[in-house]
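Listed below are the structures to be examined.
Okay, so chain A shows up in both of these, paired with chain B first and chain C after.
Up next, the complex of A and B:
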């Protein structure tokens, strides 16, 4: 009896040793760079929380949102969309062959959203009140789209956590808890898609309040639709991109199912992304048309808009189609990176570059090196956490005790 | 924490069941028209009467107990550079030179009838009071600064340098003084009556009368009457407002209407998306079931066919065996008959031999 118990639940020492296991003992320039980022980031964190926002950011009264909203929040949430797109494809739309991609996507999304929340704690003036959930407990500003974004992000982070739990529970050998968590899959997936639809679109809709500040080519009553549709393309591309990185670094952890399903998955995702990008391109054109903003296309901002629309929406749409038709994984991976850059560009345009475009250049916001470093710090922590979990827990492979039990 | 009715409704709205059920904030997301609190106050700033003495700035500084600036208020050199509102200056007078002559414009919170800051605040820290003032409650503010993104007049400022308890700062229309029946500091101190305090409706009438009486002195526009759905501060000018740094492209849509469409969609997504997704799941599952059934059927048919074939082969074999058996028995029979015949023939021949 006790033998059986030992087999099921891992001993405390096992867990501790597993956590401590050093999988990065070799010294490399990348490791050194990571170390420096972590060190500087920690110092800047102390600076931020003891000296205030003014000490580390270039934020002004006219530019109250900077790098941490434009990149960490806006891009972070969009690029974490792989979680809901993959789980929806697998569990709701019956694409069972993508099953082995669900766990890496959920893990990426969970860590991405966790990073977003941590970044927000850096960005708001009163992080203590955010932790105490003032907007939900003390006084509810239900007319604010930010209220909705906040609530959805909070709920979705919980959903992602629950979707993620089977991974550590299998690792720890807690069969009962793990089986309960797995039973919730369908409900959680539906919740996840609803919450994602809401907050992905609402992040764009946040800017509906400022037609006088955002350049007309980017401002549109359809901002919510733009953000939602583009988040699907971002999510699909991130799954491709993330698998590309993982293949380089974590191949030894990949199970047979993952490795077998991977090539058709990339083709399928490329096809889907091409289709979604086509739809996104169309609604963006509708946006220009509805605002009758054609005349602005030949201004400097218009050319910048065209670079984003043609170079980072239309082009990847075409390249994804070519890549999936020719079964060319190299082209697909390149296009995924192109799409991701395009989404980042779009979010930065809306929150920073085309925002307050009416102001003279010397009143415009350029992030400080400290803001940028802290953003890099967040992403670094995310990658390290991903690596830490994926090298130890059943993410890319099935746990031997739970084979075929999904 | 006790759950009050409003809290409960707030949560309902949050859950997306209805963004427009919430009594107090109904205007922000509804399609109803709101023309401002009846009898609310405002200030008429007649730019043509302003001489740029900055008495208002000084009064504001005193009333709000703000730190004194480096240069005294009498120092006119301050006016040479365009200034913006700061956390220690709730109001600013700027100089704009038009056709050689200076024009002075006072800037402060315009106290919108339907404030953008209030509609976007996710803790409801801003409130439009019935007396017209838009006030801020620092005790709930989380410091997200969405109010600053939303304000079309770039009014709210933030204490970025306060490490632990930064607040949003802006003009309060001297709401505490109004409650005591006193005038706002700036209005009280204005020596030229460039600032006129009163009921907004009356101020509009006065402004219109001035334009009518001195059509050459004023442009025919009361800034703030319609802008962003109307503001409690109203302006008269002798030159086009856009020439003196006041935006005329803001439009007349009240800020909350800009986001009401998106807010209205939320309960629709919450209600219908699960239905759609569950439907997709159901269809997938059904398709799989049908596929499984068809597979099972095909297998059954195949088995049946194989069985039939086997039975046929068996029966054929049986038939053959039967026939062979018959053949054999016939042959046996014939052989026996032959033998009997032979025996009979043999016995009859011996009998005849004996007889002979």
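Up next, the complex of A and C:
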């Protein structure tokens, strides 16, 4: 009995020491820059919640959705798709060779969706009402796609949290709770894939209500399909990109299994992303054809559309295929970055650049430096949270007490 | 042949015809792309 108490006490001490530990706690220009971002971001946060949207944003009634929706939410949701793609590949399609990538992908997705919800708090205001799920209880608005997006994001964030819980539970040594959480994995994966399919496509479908505002080359009845298919490519690329960064900064935390499974994972994901991008390219062309918008391709907006389609969809598709064929990890990593830029560009085109395209330039929306800084602040917080968790909890390696059990 | 579009029916026929042709080309390209993507895997096997 006393031995068990001693063990528990040791566990608590380890956790407390683990929270305080910092492997790289030394001054560097990057750390100073991060500190400045956090400081300025905190000041701007206070300004936004005390003075209102007008104090920090360039939003108007013509442009009620700006940087925080176009970048933080739209791109955040797409780039967090690595969670459902990886867990579906591993648990639903039986590709167990990708198992070691599940935890980092789930963590990235969980933090990504948390950032999405926080950015919504910034954009919508009244965080007290959002926390209390006011819109879902008092004014459901079930005929709006926004309701579906909001509900799915709420549920999916909960699912991701539950999928993430085995990591902190193993770290805390709570075996019973951890075993219950692990047993829920398959159910949560199925639920996560269903919810992701729903809200990834609905985010695109939101713009179906504005055919006169969105440029015809980007507007299509298939917007929902575009968003869903592109989110799969974004998720796969994001897993490759995240593993690339983690290898540079967190290699000392990686277990043998993760390091061994990493090269085939990169090749497999590149092949899958190449196929998905091939399909995405074709459905985008079908979108142009269905609207008979070929004549617009030679206009300035058309050339910009072609830059997005050829430079950030067709080219990554080809490069992923070449990288996968030649087993070239360098090319695959470069292409993953290119794909991520392409998806971000697509979401910004739809929500900002090609939106209200007919208005003169002086009436167009350009985000203020404070909006951009707050977006950078949120991404910085996400990276810091990822680093904090990955350096302490069993994300890239197996916990010694739970080897081979997940 | 008169290609002027007068009605929604004309427009739909025009765009759907183009799209069906594109999809045919796509399916043929897909086979070629799949072979390109997996060729070296088969060589190794």
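Here is the rule we use: the second predicted complex is superposed on the first by the 394 of 406 C-alpha atoms of A that agree within 3 Å, B and C clash if a C-alpha of one lies under 4 Å from a C-alpha of the other, contacts with A are read in each partner's own complex, and residues count from 1 in each chain.
Rule of thumb we're sticking to: contacts are C-beta pairs under 8 Å (C-beta built on N, C-alpha and C of every residue); 3 or more make two chains touch, one makes a residue touch a chain.
Remember, predicted model here, so these are calculated numbers, not experimental data.
**Q** Taking the superposition as given, does A:245 touch the first partner, chain B, the second, chain C, both, or neither?
**A** It touches nothing on chain B or chain C.
**Q** Can A:321 be said to touch chain B (first), chain C (second), both, or neither?
**A** So A:321 only meets chain C here.
**Q** Have a look at where A:275 lands relative to chain B and chain C in the superposition and call it first, second, both or neither.
**A** second
**Q** Examine A:186 and indicate which partner it touches, taking first as chain B and second as chain C; both and neither are also allowed.
**A** A:186 sits against chain B, while chain C stays out of touch.
**Q** Considering only the touch criterion stated at the top, classify A:285 as touching first (chain B), second (chain C), both, or neither.
**A** The second partner, chain C, only.
**Q** Give one of first, second, both or neither to describe whether A:307 is in contact with chain B, with chain C, with both, or with none.
**A** neither
**Q** Considering only touches as defined above, state whether A:208 meets chain B (first), chain C (second), both or neither.
**A** Only chain B is touched by A:208; chain C is not.
**Q** Please name the chain, chain B or chain C, that touches the greater number of residues in chain A.
**A** Per-residue touch count on chain A favours B.
**Q** Can you tell me which positions in chain A touch chain B when the two form their complex?
**A** Spelled out, the residues of chain A in touch with chain B are 49-55, 57, 59, 61-62, 64-65, 88, 91-94, 123-126, 129-130, 134-148, 150-151, 186, 189-190, 193-194, 197-198, 201-202, 205-213, 221, 224.
**Q** In their shared complex, at which residues does chain A touch chain C?
**A** Interface residues on chain A, with respect to chain C: 271, 274-275, 278, 282, 285-286, 289-292, 321, 324-326.
**Q** Of all residues in chain B, which touch chain A in the complex?
**A** Listed in rising order, the residues are 1, 7, 10-11, 13-14, 16, 19, 22, 25, 28-29, 84-86, 116, 119-125, 140-146, 148-150, 152, 154, 156-167, 247, 249-251, 255-256, 258-259, 261-263, 265-266, 269-270, 273-274, 277-278, 280-281, 284-285, 287-288.
**Q** Contact residues on chain C for chain A in the complex?
**A** 11, 14-16, 18-19, 22-23, 26, 30, 33-34, 36-40
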